[in-house]
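Handing you a structure now.
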Amino acid sequence: MSVQLTLEDVRVALGGNEILHGVSLDIAPGEFLTLLGPSGSGKTTTLNVIAGLVPTSGGHVRFDQQPVEKRPPHDRDIGLVFQSYALFPHMTVGENVAFPLLTRKVDKAKRRAVAEQMLELVQLPGTADRPVRSLSGGQQQRIALARALAPSPSVLLLDEPMAALDKQLRETMQIEVKRIQQEVGVTTVAVTHDQTEAMTMSDRVAIMRDGNVEQIDTPEALYRRPATLFAARFLGETNLVAVRDGRLAGFGTGVGARSGTAVLRPEDFALGGDLPGSAPRLSVRVTTASFQGTRYRLDVVHDEVGAMIVTLPASTDPTTIAPGTTIELALNDGCDLHVVPEDVESEPPLVSADLTIAA
Amino acid sequence: MNDTTATATVPAGGRLASPLRGALGGNGALWLLVPPVTFLVLLLVVPLGFLVYLALQDSGFSKALGDEIFRASIWRTLVLAATVSVLTLIFGTIYAMALAIAPKGVAIALLIALFTLFWTSLLVRTYGWMLLYLPQGPIYSVLHGLGLRDAPVEVFQKTAAAYPAMVHVMLPYVVLPVYAAIRQLDPMHLRAARVLGAGPLLTLRKVVLPQLRSGIMAGAVLVFVMSLGFYVTPQLLGSPTGPMVASLIGASFNTPGETSTAAAMSLVLLAVVIVVYVAADRVFKVSEQWGR
Amino acid sequence: MMDRELRDGLGLARIPFLVLGVVLGLFMLVPLAIVVPTSWTAGQLLEFPPKGFSLQWYRAVFDDDTWTGPIMVSLRVSLFASLLSTVMGTATALGMRRLMQGRTSRVMRSLFIMPLAIPYVSYALGIYHLFLKLPSGLADTTLPLILAQATITFPLVYVVVAGALANVDPRLSSAASTMGARWPTILWRIELPLIKTAIIGGWVFAFATCFDEATLAIFLSPVDQTTLAQQLYREASESIAPTLSAVSTMITMLAILVLGIGSLIMGRGTAARRGGNA
């Protein structure tokens, strides 16, 4: 059932403003892709374009090569889980789940059977006759998922599916959604602004910004090798260190690229004493140190590089990293020094000013 | 923010290009709107347009406007409508405030009184006023009982007799929107006013009343417009020698040869109503109060 | 919460409001308080205070086809007119929801609200003469009255139903369309069930308004078919009699009963819907 989903240079204009400036995506059958970005980046609009809820002003949306952008939502064979779930309040759980089958003129016995099967899939068997209102938020979310999957749609769309859940439940549901998606094998596009959620659930993540796709790749690749500073900052905590004339500011180490910005993750560092003398290093002053169970998180400052965030193993002797002390940091051996070259830096002016201070 | 706006503006069915295309292709707006719009055009626009045709038939306008009685009745009607709406505005606002601040038991009694009034047939209410005004009716009985009066009371079929009855009939149209507006006040504003040291009168004048303004005006404009065209109550209670415009139109309704005059008078009345309604809508957004 | 803040904020200034409110409340009830007792007089004339107690005038109402005929006419006319305005008003509210907000929709909304404001006498004159021009003697049936009453009650239904629709999450319709539902299915399975109580409420409201409406009836109803409101008007302008008080009392009680129950149902409906969204 799962299809290959392609967006080709999709544009959307609303009230004279173009809010998607040519989005292209190629999503393999059965793949789980997440659109990640801040609000206003166009991720929900992209999802609504796939669903047919927002008309395009240019480009194509294809399901298995067939263009569908002119088709209304009811003709697209999709399942959409709304942020607010949009469960029908006047129907029972079973009627909700069976609704997509009703519109497809499936007979009553079959509808009932599929609804039961779907409720089993989301681990809520036997709830078919309960009113929707009697369910908790997490249960409603499962029902919404069951309803979206009931007609075995070509594409499953999830719009901020965890936004209404509390943090604990959110983590459980992320894994649950991933399990169900793999079990059903449906091509899936999700929207979120939560990077952990994106990384937990997705095969690939597309980072969106101002109506464009900034970068699309696997979570690992996005984290290790962000193509732009925006992508680097958006995914995980980042220290951006300037590279000038092939040298890494502060460390003085030579790097491949001539100039740009190196992306150093907090876990790329270790205390200088724990590593051989050949590792690139610099001296910083600790401003705060907090114990976070599995690790220490340090805010440090360096005269040239500026403020940085560093994590150190939980086994570190706390007296050596007390606020005010000066420590020597070295780059871990395994860390491949990723540099975003200057010509692809697409940081907006306001943020790059911030970067200038740091460098 | 763009994300949410984009979703919110998409109508059900998901087409937002032109309303026409959307209606035909996707969301059914055309199928739903064509019958009622046709209905209203045929039964509202056409009959009112037909009045123009009738009025032009037999020089209705010059006859109507040349008629001393008609000109006097326009003035009388405007005075009645204006007085009634001002009185209703004041009393209605007071009543709505009383509803909101009364202790629970009293508030319930006031609500029951309001809805009893609202749901009582207009004719029954008018009839009640007729009984009240009877020369040896309740007013007389009370005054006589108190030893204040011996001669029968003569208020029935005087122009003034219509006023209290009209205010009575119209009260709910101000009380209901104003009460709704009071329920929507932000309690924090009031608390803030009190904490900042505003006394009761200042709070009322600067915090409460300004926020009730649109509700009060929506009610008052409706009362004014309805009073202009009111027929039954002034006809039964008012003076036969001092008719309102609606009564004059009614009188020449079926009289052969006067159709064109009646049509012209109707159009003048209608014009006043429309001017007031449109002006009020511009200034006070009345239709937004009603049309949501 | 609101009430308490208002009470505290106004301090002693609330006492005049309260006193005037109670006076106005009594003022509201005065006419009814006079009509009802005069209907149970045991005497032959209308008197206040009434003489003794008897239900003879109520019996007289049902024995007299001066009243029973008009009651039937009123029921029939009001039923047709209110059903028509309910269908039209509901369709309008549903259709307007599907339009984008803009200039067109504002102009259309003004058209929809307009029947609330037009003077009935003027309107009746236009309708009457228009139907006179039509062949086939339609002017001598109750059709003009039914259509005119449907027109003037149309905005009432529209306002009530549009108000209820505003509380229905538009995403439910989008959700249904992503599940393969076309607009008629969305209408039938999602929107109508959710605004059912408002439609019934709007219909009851429209019916009561038609039933009570006298001006259009006076000018539009055919000679042999008088409505109850029209008959009340006719009798009141000719002679005042205890039967009139008895009829008035009965229709008032009935109206309060029907509209009261209607509002209770509506109130519960909105409460349930709100609970559903929370």
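A, B and C label the chains in the order they appear, each numbered from 1.
Keep in mind that, in the parts below, a residue touches a chain if its C-beta (ideal position, glycine included) is under 8 Å from a C-beta of that chain, and two chains touch if they have at least 3 such contacts.
Just so we're clear, the structure is a prediction, and the values are computed from it rather than from any experiment.
Asks: Between A-C and B-C, which chain pair shares more contacting C-beta pairs?
Replies: Result: the pair with more contacts is B-C.
Asks: Taking each chain's centre as the mean of its CA atoms, which one is most distant from chain C?
Replies: A
Asks: When the centre of a chain is set as the mean of its C-alpha atoms, what distance in Å lies between chain A and chain C?
Replies: Once rounded, the distance between the two centres reads 55 Å.
Asks: Nearest whole angstrom, what separates the Cα centre of chain B from the Cα centre of chain C?
Replies: For chain B versus chain C, the centre distance works out to 15 Å.
Asks: Any chance you could list the residues of chain C touching two or more other chains?
Replies: 171, 174, 176-177, 182 - these are the residues of chain C that touch more than one other chain.
Asks: Give me the residues of chain A that touch two or more other chains.
Replies: Residues 51-53, 72-73.
Asks: Please output the residue numbers of chain B that touch at least 2 other chains, ranges allowed.
Replies: 7, 9-10, 13-14, 16, 26
Asks: So in the complex, the part of chain C that touches chain B is made up of which residues?
Replies: Going by the criterion above, the answer is residues 1-14, 17-18, 20-22, 24-32, 34-35, 38, 46, 48-49, 88-89, 91-92, 94-100, 104, 108-130, 133, 147-148, 150-151, 154-155, 158-159, 162-163, 166, 170-171, 173-174, 176-177, 182-184, 186-187, 208, 211-212, 214-215, 218-219, 229, 232-233, 236-237, 240, 244-245, 248, 251-252, 255-256, 259-260, 263.
Asks: What does chain A use to touch chain C in their complex?
Replies: Interface residues on the chain A side: 51-53, 72-80, 82, 84, 86, 88-90, 99-100, 102-104, 132-133, 147-148, 151, 157.
Asks: Which part of chain B faces chain C closely enough to touch in the complex?
Replies: Against chain C, chain B makes touches at 7-14, 16, 19, 22-23, 26-33, 35-37, 39-40, 43-44, 46-48, 50-51, 54, 91, 94-95, 97-102, 106, 109-110, 113-117, 119-132, 134, 137-138, 141, 165, 168, 171, 182-183, 185, 187, 190-191, 193-194, 198-201, 203-204, 207-208, 222, 225-226, 228-229, 231-232, 235-236, 246, 249-250, 253, 259, 262-263, 266-267, 269-270, 273-274, 277, 281, 287, 290-292.
Asks: What part of chain C is in contact with chain A in the complex they form?
Replies: Residue list for chain C touching chain A: 169, 171-172, 174-182, 185, 189-190, 193-194, 273, 275-277.
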